[in-house]
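Labels run A, B, C, D and E following the written order; every chain starts at residue 1.
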Amino acid sequence: MFGQLFISGLATGSLYALTAVAVVVVFRNTRTINLAQGDFSMIGAFVALVLIKSFAFNYYFALAGSVVFCIGLGILAERVVMRQIADSDWLTLFTATLGMYYILHGVAGHFWGRDTKAFPLTFDPTPINVFGGIISQGHVVNMAWAAAIGLVLFIFFKYTKQGIAMRAVTDDPETAALMGIPVRFIVLLTWGMAGFLAAFAGVLIAPIIYVSPEMMDEVLIKGYVAAVFGGLYSIPGAIIGALLIGICENLAGGYLGSHFKTVTAFAMIVLLLAFRPHGLFGIQKRREV
Amino acid sequence: MTSHLRCDEVTVRFGGVVACNKISLDVEEGKIIGLIGPNGAGKTTLFNVLSRFQDCDDGHVYYRDQQIDAKNTHDMINLGMARTFQNINLFGEQTTLENILIGAHHLIGNPYSNMLWLPSARRNERELTDRAVEIAEMLNLGDELDNPVKNLPYGHQKRVEMARALAAKPEMILLDEPVAGCNDEETAELKEIVKRINSELGITIFLVEHDMAMVMTVCDYICVINFGANLAQGTPSEIQSNRDVIKAYLGEDDE
Amino acid sequence: MTLLRLSNLEASYGAVRALQGVSMDVAEGAVVAVLGANGAGKSTTLKAISGVVKPTAGEIEFDGKRLNGMTPNQIVRLGIAQVPEGRKIFKDLTVAENLRMGAYARSDKAEISKDLDMILELFPRLSERAKQLGGTLSGGEQQMLAIGRGLMARPRLLLLDEPSLGLAPIIIADIFATLRKINEEKRMTMLVVEQNANIALKNSSFGYVLQVGRVAVEGVAGDLRQNKEVIESYMGA
Amino acid sequence: ANGPGVTDKEILICSYQPMTGKVSSYFRMGKGADAWFKHVNANGGINGRMIKYKMVDDKYEPARTKNIVKRFVERDKCFAIVAPLGSAPTKAVIDYIVEKGIPLIGAGTGAAKNVFYKSRTVFPLYPPYDKEGTDLVRFTKEVFGAKKIGVIYQNDASGKTHLKGIEVGLKQYGIKMVASEGYEPKEVDLSSQVIKMKNANVDAMICSCAPEPAAKVYTERAKLGLKVPVVNVFFGKSPKVPELAGQAAVEGVYFATIFREWDDPNEHIQKAKGILTKYYPEEQHDAVHLWGFTGAQVFSEAIKRMGSGDITRARLLDTLEGIDNWKGSVVPVVDIGEVGPGEEAIKHLLVPSMNYVVYKGGKFQPFTPPWMK
Amino acid sequence: MADINAAFKAKMVQRKWAAMGVLFLAAVIFPMAPGVESWMASEATLIIMYIMAAQGVSILTGYTGLVTVGHGGFLAVGAYASALSTKYLGTDLITGMFVGAAMSAFVGWALGLVFLRLSGAFMAIGTLGFAFFVGTVVNNVPIFEGREGISLPKNHVIGFEIGDIGFYYTALAALGVTTLFVSLLVRSGVGRAFMALRDSEKAAEASGVNRVFYRTLAFSLSAAVTGVAGVLFAHYVNYVSSEVFADIWYSVDFLVATVVGGSAVLLGPFVGGLFVAFLPTFIELFVDQPGDLAFIIKGGALIFVLIVAPAGVVVGLVQLFRWLRGKLGGDTQ
């Protein structure tokens, strides 16, 4: 049983991973937790669904369309909302993302209704056998994407000039502007990236958890928990965190009983934060005096 | 001579960096002692150790012969030690008065009766406020009492920090670069204040400063550290003519 | 030839009128000192030049171009860099990354790495700490990093706001010597705000003294050092 | 004289619905009732009166529900409350509703308190879940020939009540339950639950699952190659299940059901389909819509039977209790019993009986278990 | 945050008390006014409960600077503590409030200890985790009776059964007490210590503020106030259920109420509480069956408020007032 629980947990964890990465990216670059991140994904999934159903797009074109749409959505969020309050403290920004959550939820509910919709299966449903467990191909594809995107982002932030500039902007936007860094553009880029990641997360996850306005609520919460594993900073940390949560949940569900399954992630976060306030992979401690 | 504060081979490491390397020194009761040294020598780190913001990896610190290296940061005030920061660290949104009152925090008495404004707390608050106003006036901050400190000029902010430290009725104050960023006029003013605090209130002062004009004129005794280790100690004139100190820190005076 | 000209510059923070008509001329290749008491408006002047503070009136002209209304990053691209007051190190970036950000607007890779070597040589402390986070440096080390970061931009005009703040005496002399050397070799024009009037005037050719948002005294550095008013208020007795 | 909320032109009836918030997908129930009333009004109302059906969003917060119901009663003067949704909200307001003598017809809740309420004014919608649970155990025994079964249930009032009924059934039919796994209504992934079923080597499974989780369970079951027979409770019977999980995964699963099949040629169900499509075209229609439909249809039938006389609450109760063996709705048969004062409302059930279907060859096909033959 | 200068502040203090007085007086008279029906008092009761819960949040988030998205958890703790004591010990509403407050304070204290080193976004996520944790506990530990819930008897206050109007007055009185408490607290030395920790933890510690003690104190006081609101929520409908009290949307709404009103302003929770509690009813006055539209309007209104008055409506109004007075001529302070 262990093998199967483990493998299935890994698969579930991969569902949280991309959202966790997006949470990290937005937090790193804006110091905001984006509560609407899940809803970007949800909208992305709906857009892809509409493209497939009503315009007969194939899966990859639909994904591309959804990516474009969500990037636009991210940019719109920045231009219309976040930029207006850019100087406020993070609590205000945080609450504003909540406002976007309400709006996006409302819009999706209004236009597409509140019932669950199927997303056409895109992967061969025949499951694969690995290490004594069975896993569906959809999950494998999901994991591969998460790993690839995570790696690219990791390299981007660590080694490229634009990546470092993004971090500089977070650190101190005014000084960053004095270095010639186009701050507004970089912030815009961040939200564009949030949209990009959201679209991927949404479209990849849709066949597995189906499409509805609330589809991402639970995933987003797990995404936060996973992101905290990476100290809200480390991208590989967030991915590892996501997988860890999936595995631990499943093992707890399997060995301790299903009542313990849902509490696992929250017990993990409470314990983690109690003992490692900056996550397992948090950053070097900064001196403050 | 009585020792007020004593470091005994204090060592602090940050990963590979040894910020303090077996520093030993003695701060004499009632005096003004200076701590100088090149950038990165470990002065601020040492101050952090003394005020318990930083644990030391080795060595001990004694306050009036009581070992304090396991005390809580907030207990230092109860012992009688207050400090200011190298980078101004005020409660920016709050007024000068409020800032000073926080300095007197350990005098508020029982927090529960304070929180409910019981009669004893009411009396106590009034006394604290009166004293805070007195301190502010002593530091020429009388006009700024009701202004949020973030709007004050830099020099005034430095003084608010000092007032806050004084409000705690300390026996010793640690000052980290009190005159950095001040022009000569302001430096002179602060110098006078430091002297008055020392002589009128009898408070021991331990200060870090790069402004030699200030250090050499106010300090009774100076300790020099370099690369985290003791380099020299002595009176200002001894230090000024010490070859090692000139080489490592003061530089040849070409005027 | 005048590189930078400020005419009747005004700026305010809400109700506080920080600049009330400041005019300055900075010749190409010169080192110009700006002195003044706390709150006189020195930093505000520099911030107005680099576009962080929007002037409410007056003109800023750089190399014949009007800077009013440009964003900071446009201005940096014209060749103006600033070493801001209070260091403003990127705390979560390493020393090396901080320096790299200084050269953000440049694309001449080879020259950048030459400048990097030059700065690490100037501040050996920084090269020891290349991988340390900026926020963990000591006050003086941060100041060195801020200066180094400004130099990495290799600007035509470098604005320095209190570069000597928190530095050990021995370093201050070194730094000014180096700044002068760079000024001469690279023809980098510099506008230096300083509390330490003595050293500032010694290393500059021209000086301005600000008082409550206005230029009170101006003149050739040598003359200012003799000026009684200046001596009294800014150079100690 | 007419009762409150009734004029010669109009009858005002109300309901609270979770239009937003976490269970907003169940607002489908309100939409079902609404569609029916719209249809009624479009055809000239009932005996010359239009039905004004007012739905208000309570976000599934009982404190809000309470205020909303007070508004219905005090401000809006509504005649009856028809097809509202939610166990917790209804529990919070049912005392008040009963106290004020307002007929409560077809509330979407299976919670014991609401279904077994002792009052003549309460008309619960469908059979209590524990009875269904017991029935399902019998099903596993007599249809699947199971000796040890596993149960996957939703960890809420519905699932737990099912579980209670199942436990009764276990004793009654001499069957062992070797695994029982709960899940949270919004749980992302149900793999560990299904893995445990596989591991416990069950002969058959009972799923007390709503459509989405049911689909997840069947997907997982197919993935793991767990071939044991399954029967699902009535509220999971939805075309959504095969749509979400894929037909192959649901092939051969049995479902309990209380409504007629969508492709039953029966005119009433076909009409319902047409009405829903007309008024809520963007929705995919399933059992939840029909919950609302049922209450609404029964209510309008009662009004119709009351003719042109005064419309009062007392007459409404009498008329409702007089509906016997009525086959004019989406439920195969409505047969409302009489409840005396202080008696449990259970005889008032709008939907008293349950049927079974099996999903085969891409559609739900009627299935009659041996004891019903 | 609050950018009100001091002289102005002093005047505002007087005005604030006058405003509070008028507000409470109006609230007392309100149910007796002609044309007021019992449902309006019930609507007001709901608002009162939200205000009180938001007051709890403002102690922690506004004055101590620890953002919490988990106060729904304390709402649940208060609600269940009182519900259980009512069910098993037969306590009345007033005793219930004390029990709820005490239990909540205790849990708050414990949580404060667990999250001793958190701040900013980490604290937000941690408290969110706490709310879910509480949700799962009440959902699964048998004594709490899960989603089935616990139904409570009618409410009693010192032996008398109270109806909805009686409940309104009880809630109002409780709100009076919490408001008085919060206003005393934030002006006291303890309140100063909270704000010091908010503005600079290091400087506060250097000034002798015991971080551990005051953070846990802030947590427990804040939890206690929200806990009392939880007691009211439970007894208002005589019913508790994990389906309701484990809901994180309460947590979120309370935070929104705090931010919208102004997080470190005494009147903030009043405005914010009104905003969250009454907005849906308000929208319904104009739009029939708003449904998802209500969501969109709520989000839009929230963002609008944040853009127009980033420090909250109360602070925004004060600033507007000042600006207008400046415009209308001479009367500068």
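As a convention for this text, a contact is a pair of C-beta atoms (placed from the backbone, for glycine too) under 8 Å apart; a residue touches a chain by one contact, two chains touch by 3 or more.
What you see is a predicted model, and the numbers here were worked out from it, not measured in a lab.
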By label, the chains that touch chain D as well as chain E are A
With centres defined as the mean of Cα atoms, the chain at greatest distance from chain C is chain D
Taking each chain's centre as the mean of its CA atoms, chain B sits from chain E at a distance in Å of 41
Cα centroid separation, chain A vs chain D, in Å, comes to 36
Per the C-alpha centroid definition, the whole-Å distance linking chain C and chain D comes out as 75
Rounded to the nearest Å, the gap separating the Cα centres of chain B and chain D is 73
In chain D, the residues touching two or more other chains are 20, 22, 27, 155, 184
Where chain A touches two or more other chains at once, the residues are 105-106, 109, 114, 259, 262, 289
By the touch definition above, chain E meets two or more other chains at residues 1, 140, 202, 291-292, 294-295
In the complex, the residues of chain C that touch chain B are 37-39, 86, 125, 129, 132, 136-141, 143-144, 162, 165-171, 173-174, 195, 197, 233-236
Given the complex, residues on chain D that touch chain A span 20, 22, 24-25, 27-28, 155, 181-184, 186-189, 191-193, 195-196, 198-199, 211-212, 215-216, 222-225, 240, 243-244, 246, 248, 282-284, 286
Seen from chain B, its contact residues with chain E in the complex are 51, 53, 72-78, 82-83, 85, 89-95, 98, 101-103, 105-106, 108, 111, 114-117, 121, 125, 128, 145-148, 164, 168
The chain E residues in contact with chain D across the complex are 37-39, 42-43, 46, 49, 139-140, 146-149, 151, 164, 233, 236-239, 241, 243-244, 247, 249, 280-281, 284, 289-292, 294-295
Chain C partner, complex, touching residues on chain B are 14, 17, 37-41, 43-45, 86-87, 153-155, 177, 180-188, 210, 212-213, 248-251, 254
